[in-house]
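Below is one structure, written out as structure tokens; comments come after it.
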Amino acid sequence: MRNDERKNTELRKVNITRDYIKHAEGSVLIEVGDTKVICTATIEDRVPPFMRGEGKGWVTAEYSMIPRATHTRNPRESTKGKVSGRTMEISRLIGRALRSVVDLELLGERTIWVDCDVIQADGGTRTASITGAFVAMVDACNKLIREEQLEKMPIQSFIAATSVGVIDDQTMLDLNYEEDSQAKVDMNIVMTSEGKYVEIQGTGEESPFSEEELNQLLHLGKQGIMQLIEIQKETLGEIAGLIGK
Amino acid sequence: MRNDERKNTELRKVNITRDYIKHAEGSVLIEVGDTKVICTATIEDRVPPFMRGEGKGWVTAEYSMIPRATHTRNPRESTKGKVSGRTMEISRLIGRALRSVVDLELLGERTIWVDCDVIQADGGTRTASITGAFVAMVDACNKLIREEQLEKMPIQSFIAATSVGVIDDQTMLDLNYEEDSQAKVDMNIVMTSEGKYVEIQGTGEESPFSEEELNQLLHLGKQGIMQLIEIQKETLGEIAGLIGK
Amino acid sequence: MRNDERKNTELRKVNITRDYIKHAEGSVLIEVGDTKVICTATIEDRVPPFMRGEGKGWVTAEYSMIPRATHTRNPRESTKGKVSGRTMEISRLIGRALRSVVDLELLGERTIWVDCDVIQADGGTRTASITGAFVAMVDACNKLIREEQLEKMPIQSFIAATSVGVIDDQTMLDLNYEEDSQAKVDMNIVMTSEGKYVEIQGTGEESPFSEEELNQLLHLGKQGIMQLIEIQKETLGEIAGLIGK
Amino acid sequence: MRNDERKNTELRKVNITRDYIKHAEGSVLIEVGDTKVICTATIEDRVPPFMRGEGKGWVTAEYSMIPRATHTRNPRESTKGKVSGRTMEISRLIGRALRSVVDLELLGERTIWVDCDVIQADGGTRTASITGAFVAMVDACNKLIREEQLEKMPIQSFIAATSVGVIDDQTMLDLNYEEDSQAKVDMNIVMTSEGKYVEIQGTGEESPFSEEELNQLLHLGKQGIMQLIEIQKETLGEIAGLIGK
Amino acid sequence: MRNDERKNTELRKVNITRDYIKHAEGSVLIEVGDTKVICTATIEDRVPPFMRGEGKGWVTAEYSMIPRATHTRNPRESTKGKVSGRTMEISRLIGRALRSVVDLELLGERTIWVDCDVIQADGGTRTASITGAFVAMVDACNKLIREEQLEKMPIQSFIAATSVGVIDDQTMLDLNYEEDSQAKVDMNIVMTSEGKYVEIQGTGEESPFSEEELNQLLHLGKQGIMQLIEIQKETLGEIAGLIGK
Amino acid sequence: MRNDERKNTELRKVNITRDYIKHAEGSVLIEVGDTKVICTATIEDRVPPFMRGEGKGWVTAEYSMIPRATHTRNPRESTKGKVSGRTMEISRLIGRALRSVVDLELLGERTIWVDCDVIQADGGTRTASITGAFVAMVDACNKLIREEQLEKMPIQSFIAATSVGVIDDQTMLDLNYEEDSQAKVDMNIVMTSEGKYVEIQGTGEESPFSEEELNQLLHLGKQGIMQLIEIQKETLGEIAGLIGK
């Protein structure tokens, strides 16, 4: 039995609250167990300089944590004057993941800025960010459609993410912080509603893993992601039907 | 009538939710109208180098906004690699205000780190931060008492803050964002439960103000702050009784 | 009696030397007791990007101290790679204060850069900076008039600043460094020649202050500022007559 | 046929020159086709502050490129004043990979600093860095053994890395720059001589990939890595026999 | 005839005012024509970490200009967040020059911080800084002697600096700004009272120079420096006698 | 006899390998004894903003060392977030030296970016950089001629650099690291094939030097540079004939 009484194949309770921040074009609070992330999607009517004039859009993401999202206080990166490698790595991952399901030509010369601000962390903040930010991004695009700035939803598939890991020779889904600290193998998977991989990042720094373990982890991750996509669909209601049409 | 149908002497609706972030020693979500700030108080068992060995504690604060707390997206200060003058000014103000009601010798060689993260901004974020952070700080100190690390509450008075301003020759209490943009005079007042001033910061950049206007603003501010302190007392319940004893 | 034998209501000796730096459009050395600040005003024929095309000008200020302006050496902010919160706060204050008396439309699409470099500090450096920089700014504008780039003086009023404080329950005008270190209440006031407030910044971090004390401080500050404005007028001679006309 | 006339399952020509920089405890020039990286390993007799007193060692890596390693000149990160997300991500990957095969307790309170400086880039710089840095690290540890500072080689396994990708629906091993630019799926694999995974990082930003493609990529990667490890063994000669003993 | 009516072999008028800043252990205002630099010397009772425990002292210098020291305003290096190459180069030059005449063992474990702040620039700011800072450094050391912290003056020789250059095939001493802008060859010379070279920095970027020109420049520089050292001696009066004894 | 058995007037063995990095317009590896520097020249079809529209080109240089080029590891300047004074000083020197022999009008509105990356340091890295970078710059210009973008070689003279110094009262040519550490006087000389000085930088921080020593050093330097220019000519072969025509 896991420390929070889940089965190895069980996700934590997931809750997605839409329209969480009134100013943003799309915004959600996603809660995955005790992990809580505010995800906002901002539409900007231009693209970065290197893309201008190509008629295509862009999606970019930034991830951060408030100082006391964690057990002990983390100094602010703004105060330190630089962003850590971990933060940049996660920001880049979220951006790539979301970009993979957006038809950038349909989006037109616009940028979607996705901000994921973790207000409480209990493991899996990067995967919760992707799962939540997807919903905020759909809402922001839908706003463009409602305002007749876009004719068609530029988002092609659902996308969600979860973590899997190996603890004491058992493979487990959706690790919380305590589990994550004990895991010898830790893997993040990002997958579309078609069951295709967008990202796999697995690391066995403390203990390399075998092909068999890899296969179990991939299987477990897929199951979790399919459930997360169901939750996204329920949360989005009617709008879910616009995706990939 | 004001744009949100308040009277000139009326505060916005205020709500303070305690224990908002599970990891912090003290944490609240304060909502003042549509302004929402997460305030956490962290106890660290040491003081900055310049104070070591004096047997006294310290209180320091940092203020920030998530990028989409505002109407348009603000680039992150961590990404820009430096903290703006506005942010530093507000952080310093919050720190001074809270320090003014703490008996630093009673606190002992500990630092209280106060973090105020604005998740939605609609005017008055710095004053809401002070009012909310006070409650988080009380909870953090009370935790030290419950754990028998402190014998006595080191906080001497209640403290709260509000803004006042002059719009079209009328003095108004607790300006929201739209009002703040129109105000010719803008003043932030921080006051204790004894009715004493801790900070007055008034600026009439676009239109200098007379002594009479100043007196009206100070009067209005005091009324607002006394109501805010009542709300702090209700929120804190029994613990309120420990303050200043 | 105060440590420099002044009465509580007495300013330190003030001296303003015009044309102190030959390259600047306006420049003064202001001495307020042992506090010495070089203030220069530079005219730039453009405004910041966010203001272009509006036909209006801008006034901005930067404050700094040479490392040994103070009792012990302060490391340079250029070497540390960032500007402190205190420096930014003072720079912003000086800018706001000077802007408040300039008719930005009359100024046209120009920026007045004001630089206040403290070469010797003995308390009251920010208020001396405002008082001195005003004179440098007038000289710079007058140069534009003499060169027939401007028809009319865009400066509407005189403006000066001083500090007041409470030491051992006595209110005192124009604190020097030693007094400033002992003051329980410290207030900076910026006022126009019409007796209107442009800025009030009072802080009672170590000891909150009552309404009565506030009123005494405001009264004392006004007296000091009116004397400072007289000194500005004498210093400027004929040019003084152009202001507010 | 590939643009350099290789088969899809064929590595580029690999050459590892040991003792390339005379000052370093271990140093190699690794050439993988036209990709050339100088890898040095430096032994420092202490560990980072957070690890002191635990009797364990540490391995850390930094990756960089000279400005003209690439087709067009890249501005230096030192001149820009900050390290890019890409650079940090690669540095972290190299560090994790090398750490995974070092018994940190056998290493004792020492840090191995690994520096990978790309002098010519033609795709696969991060995987070449890992493969080459492994050899430099072995040489540095062997120097400690020869100097009788260590009794036993603290390195437990060989480790090497390669990239695989999908181009026009074909899976290919060891992508060069031109191939990398065309690949819809791009994966880096780090594996030990026991055939266990240390890292898998696959991304299908432009085109998500199926389980079948994933399996083909993993298979191809393993074949390549086993050949790279053979080259490491030949290069190291006798010293190879100390590893994992 | 030169633009300020000097002969080619003539220095500008030099004036050194001692005790210019009351807080510093040594401080001067040096005026060389219209170039004006405030030089302060601060004694700190410790040395940089890399020198601790060796019983030797250190001398270090920092150079800066106020923004409007020059014809047009230079943005502050503190605001830009980094120090320019030019500033660092000059700071290093001043430090090396002054160190060369100090017996660091006699100084003991102390650092002399020299700050040279240019308040008005008209060419030759780096050489004026060296000439003036020498006097400030002597005064600071003398203060240590007067306070019986040092038994003996640790300064071994006088040192001064000037610039020489080639303009229209004529060699000239002590270039002002206008001359400096026209010079094809520009050389700074630092020399002791014994006529020995401490630094020669000559550059003929726009026009390489011959051995003959070099010899003329060196000769001219020596003449100027010997006059500057006479001025230092007069300025220092009796204290001059302690140097090199 | 010197520590590497050279005569005092003898250069170390010099080797220049052209076309060392395939992407750059010009690139060499220069080896001067154990000092090894990769020099690349990049042509960019524009000039810095302050030069646009003048029809003239620009030459700029950046110098760096890989961390383990030296006896002990130097932290990367990119990681520290700022470039040291030493690095900037050397970069500026290399740029000035190379610029002095280029006819910027013949070059047209192009920038030549020169990068000098030291991969192994044993004294004299800045002078080796100049000597090597000259060859890379010639190759880059020659490429423009071959591609008919330039009609004529814009380089007017050969230029090379070496160091000279005084050790134990003996003047020596081309100091290696060990000698450089012992030298009381250290001088870098940059000279053209016409025997004219472009830069002289001599410092006698630990021991000022006499006119006689200076003359010996200059003489020795000239001899060394003339040999280096011969090596440049041999290395360049036919292309050498284009210079100064």
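Chains here go by letter, A, B, C, D, E and F, matching the order in which they are written, and residues are numbered from 1 within each.
One rule holds for everything that comes next: a residue touches a chain if its C-beta (ideal position, glycine included) is under 8 Å from a C-beta of that chain, and two chains touch if they have at least 3 such contacts.
Just so it is clear, the structure is predicted and the values come from calculations on it, not from any experiment.
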Task: Neighbouring chains shared between chain B and chain D, ordered by label - done: A
TODO: Among B-C, A-D or C-E, find the interface that matches D-F: by residue number, over half of the contact pairs should be common to both.
DONE: C-E
Open item on the list: Please identify the chain with the largest separation between its CA centroid and the CA centroid of chain A.
Closed with: E
Task: Between chain A and chain B, centroid-to-centroid distance (C-alpha), Å - done: 33
Open item on the list: Can you compute the centre-to-centre distance for chain E and chain F, using the mean CA position of each chain? Integer Å is fine.
Closed with: 29
- [ ] Starting from the mean Cα coordinates of chain A and chain E, work out the distance between those two points in Å.
- [x] 60
- [ ] Send over the residues of chain E in touch with two or more other chains.
- [x] 81-82
TODO: Could you give the sequence of chains met when travelling the ring from chain C by way of chain E?
DONE: C, E, F, D, A, B
Task: chain C contact footprint on chain B (complex, rising order) - done: 82-86, 88-89, 91-92, 96, 99-100, 157, 187, 191-192, 194-206, 208-211, 214, 218
- [ ] Give every residue of chain B touching chain A within the complex, in rising order.
- [x] 21-24, 27, 34, 38, 40, 42, 44, 62, 64, 66-73, 76-83, 87, 113, 115, 117, 119-121
